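I'd like to ask some things about the structure below.
Naming follows writing order (A, B and C), and every chain is counted from residue 1.
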Amino acid sequence: MSDKKQSRIRRHRKVAYSLLSLLVLTLVLPLIPYAVAEKDETAGKVFNPGTELWRDVRQRDRDVIGTTQMKSVDAGVLINEYGETWRHFRMQQLVPYGAALMGIVLSIILLFYLLRGPLRLQEEPSGKKIERFTVFERTVHWFTVAIFWLLALTGLILLYGRFVLIPILGADGFGITASACKEAHNLFGPTFLVALVLLFLTFVKDNIYARGDMLWLLKGGGMLGGGHVSAGRFNAGEKIWFWIAIIGGLVLSVTGLILVFSILGQSREIMGLSHVLHGIVALVVISVSFGHIYLGTAGVEGTLGSMTTGYVDEAWAKSHHDRWYAEVKAAEDGSDKIVDEPGLATEGKS
Amino acid sequence: MFKHLVDGIFWDIALWVFTIGVLWRILSIFLVGNKKDLSVARTTGMTGAIAANISRFFPRSEMQSRTRLHVIAGYMFHLGLFALLFFAAPHILFVESQTGLSWPAMPYWAFIVTAQLAFVGLLLLWIHRVMDPVTRLISSADDHVGSILTFIVMLTGCMALLEGFEGLRVLHRFTVELLMVYFPFSRLMHAFMFIPSRAFTGAWFGRRGVKA
Amino acid sequence: MSEALELGINALRGQMDTRAMSYFSSCVRCGICAEACLFYTETGDARYTPIYKTEPLRKLWKREYTFWGKLASKMGLLKPMTESDLSDWEELVYDGCSMCSRCSMVCPVGVDIAYLIRKAKEGLSAAGFSPADLVAAGERADRIGSPMGVTSHTLNATIRVQEKETGLPVPLDVQGAEYLVLLSSGEIAGFPEFIGSLAKIFKATGISWTLSSEYFEATNTGVQLGNSKLAAKLVERIVTVAEKLDIKTVVSPECGHAYTTIRWDAPNFIGRPLPFNVVHVMELLDQLRQQGRLKTKGYTEERLSYHDPCNAGRRGGVLDQPRNLLKMVAPNFVELPESGDMNWCCGGGGGVSSNERANPLRLKVFDAKKRQLDAAKPEGLVTACSNCRHMLEDGLEHNHMYDVELLGVTELIAEHLVDGDEA
């Protein structure tokens, strides 16, 4: 008994230390660029007549717009000062913080896996299978997955390629890769909106806030302390991920369309802002998706089957989604949905 | 080096394998022959054969609710692919350089839209193939290779869209050559064989007075 | 290679033709055929996908008729066909398919899947992988002339009862009659009123007709088994009788596969054109209606629907005639949803009804029919196939649907007949 208790205390201590060290890392990592950046002590102290001219050209102080025969948005701007701000943000903030975010999420997942391990079923698998996702639902899910990762990978290459790929491919090789990725990213972009609409329509009805979701969240979904937490077809965590995906996806789609269709009359500032949002949201959604992938595969025993064959074991349904399980059993055609051989059973058609 | 092969000997080989392969495949099917139907027909089989070749483009209303995904995704993919294959500006230029024939290309925006339709259709069809127990059971490696190869050809085509890098064009052409070599030996042959198949079925039912 | 396997493979080889090869080269494995098949839609079991039932034939085609197949089998990369490639398909092909051809109507590349399943049956039956019940029925058909063991004595007794009931003579073995009427054993045993009804109608319309005591069976177990030799033998008997009696037109009774067999397949089984015309009894009655010879009086107020027998309708082209006839007497006629050439099968075609082993599955897939009936809510269901009628009876009973009455078109017309004398 005491052995068990001690090991639990040890485990809790390990978790606490890990979380603490992660917190420290999170706070320290963003400071690295500041520490590394060179400080120019002489800036602004010596008068330089060129600076005045330069300041005028950049229209920094005054809101002077030049005139030109050309008729297009921002045609009167000689040098877009805002572009420099944007470039600075991209190189100094988006790139390092984004990498840090993804790295931290991955580390948390790895730590969690090492310390807590996969969540096991609370009872032996019964062998009886219950339909969790229909053919159509699974098709929509994987369709979204395919397009999301095509976009994510090409997007990450465009953002991080110069650091990761140039050393491997060389500048010319990366040039080709980047061009290919840009074309593919732009072309696939709008199709993500199709996936998003399908995803929304297919899953929204079970992702509305319901009673018990808050309790689930307060208990941490049963992931930290163990013990059973009641949930419907989707638990609060899944619902949050759904809305992150939908709202994040919507932001990505809208900002992406603004960036692709540069002919609609939007100004550079709108474009720059779109890019900033696009980058931040993309990195957040990608990071959260790591957690989703972990929980759907190695993290929770018996979950993957729900998205491959469409079926989960009865025991899985009971321990993770007890209220949903009760609903299915109580339904009129409930007996049709609980079967022995999943591959050969009735599948709902849309 | 690779570029010369792809633009030269590889292309020649692919073209020959495709042409001879398809012709040989069709010939080998028709050389076997059918037994003559000795029954007295209600109407000629020819009418039925032609009618079925048209009517099978339109799904039966009774099937709509059960095959919506097949039909919508199927049409998105096939129409998109056709438009890309025959009306993309670089393709027409290529045909012109080879044969001197030319016809109007679709505008750039239409190209983008059709490419997206084709991609969405192909992805949905292939994922559905893997997800639905029916198609999973009846699909073989051939079906997956065909789908993935087509996807890669389309993807490399889109990646070369900027037409700024010779390497991307060569990559696209190389994957096309792979597809052409694979074509005659695979289910991709349906692109030609659906016509006689519909004709046989249409004629058989047509002789009996049934519109198939 | 076992003897059974060799026999099966040889039979399959004999089935390969341009049409089948064209079909296999067109199929893109889209799975739409499954969505049309009642054995899949009602069970959800993917193995009942129509095109999957043709696997024995497709495997042979792949091995021996395609480039990669030939190459791979020469190099030993492709496993040779085994007995289980045939035996494992027995249940799918014989119990899980009623040869209704609904799948053939919906294939986007135009594959007539039923045509391929019919060919696969030839291989299975040659190898001996057919249901024992069906094999026994085939033996009875061969030996006695009726798959149900109905003899000419039974026929004679039935005829006498019908003559007594109608007060009309039923002609037997009349030399030079215009029409020779065939019967199915199921009709003689289950719905003998058909004979009396015909006697009434033919008397009223002045038709010269006859039955044959030598050979009366219209059904063909050889077709259901997939045994063309037996099928040809049974067809030859009809031809012999018709030639002996100098018959101009042979009438197929209310039976689906009997009609497609004698009307469409018979000349191909025996390898020469038939020396007579063939009509389905629905076609004959509709002709008489058109000529103004068939007249009815009175109506039935019942809400009637028509169940298209797959073989007579979808595979035989008898779709409008029974409807024309029904509309003469049933003003409240209502179509079932998905009727006509897309009608759902009763579940008992293609020999399934003779195969007791398949009964639970057959009653399960009757749910498709039940859905149609629940939607149209007819008071009476009329059909033109005695086998369908038996199967519908069974299915309605199984589902406790006691308020749907079952009728045959011919009897319904006979009930409302205007007598020759009255006119």
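FYI, a residue touches a chain if its C-beta (ideal position, glycine included) is under 8 Å from a C-beta of that chain, and two chains touch if they have at least 3 such contacts.
Just so it is clear, the model here is predicted, and its values are computed rather than measured.
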**Request:** Determine, using the mean of C-alpha atoms as each chain's centre, which chain is farthest from subunit C.
**Result:** A
**Request:** Identify the chain whose mean C-alpha position lies nearest to the mean of all protein C-alpha atoms shown.
**Result:** B
**Prompt:** What is the distance, in whole Å, between the centres of subunit A and subunit B, each centre taken as the mean of its C-alpha atoms?
**Reply:** 36
**Message:** How many angstrom lie between the centres of subunit A and subunit C, each centre taken as the mean Cα position?
**Reply:** 59
**Asked** So which bits of subunit A are touching at least two other chains?
**Response** 343-344, 347, 349
**Prompt:** Residues of subunit C that touch two or more other chains: which are they?
**Reply:** 35, 46-47
**Fill in**
Where subunit B touches two or more other chains simultaneously, the residues are 66, 132-133, 136-137
**Request:** Could you pull out which subunit A residues touch subunit B in their complex?
**Result:** 135-136, 138-139, 142-143, 146-147, 175-176, 179-184, 187-188, 190-191, 194, 310, 343-344, 347, 349-350
**Complete:** The answer for subunit C against subunit B in the complex is residues 16-19, 21-23, 25-32, 34-36, 40-41, 46-47, 49, 51-52, 65-68, 104-112, 115, 263-268, 271-274, 277, 313-317, 319, 338, 341-342
**Message:** Touching residues of subunit B toward subunit C in the complex: what are they?
**Reply:** 25, 28-30, 32-35, 37-40, 42, 52-53, 56, 59-60, 62-63, 66-67, 70, 74, 129, 132-140, 143, 184-185, 187, 189-190, 193-194, 196-202, 204-205, 207-212
**Prompt:** So in the complex, which bits of subunit B are touching subunit A?
**Reply:** 65-66, 68-69, 112, 115-116, 119-120, 123-124, 127-128, 130-133, 136-137, 155, 158-162, 164-165, 167-168
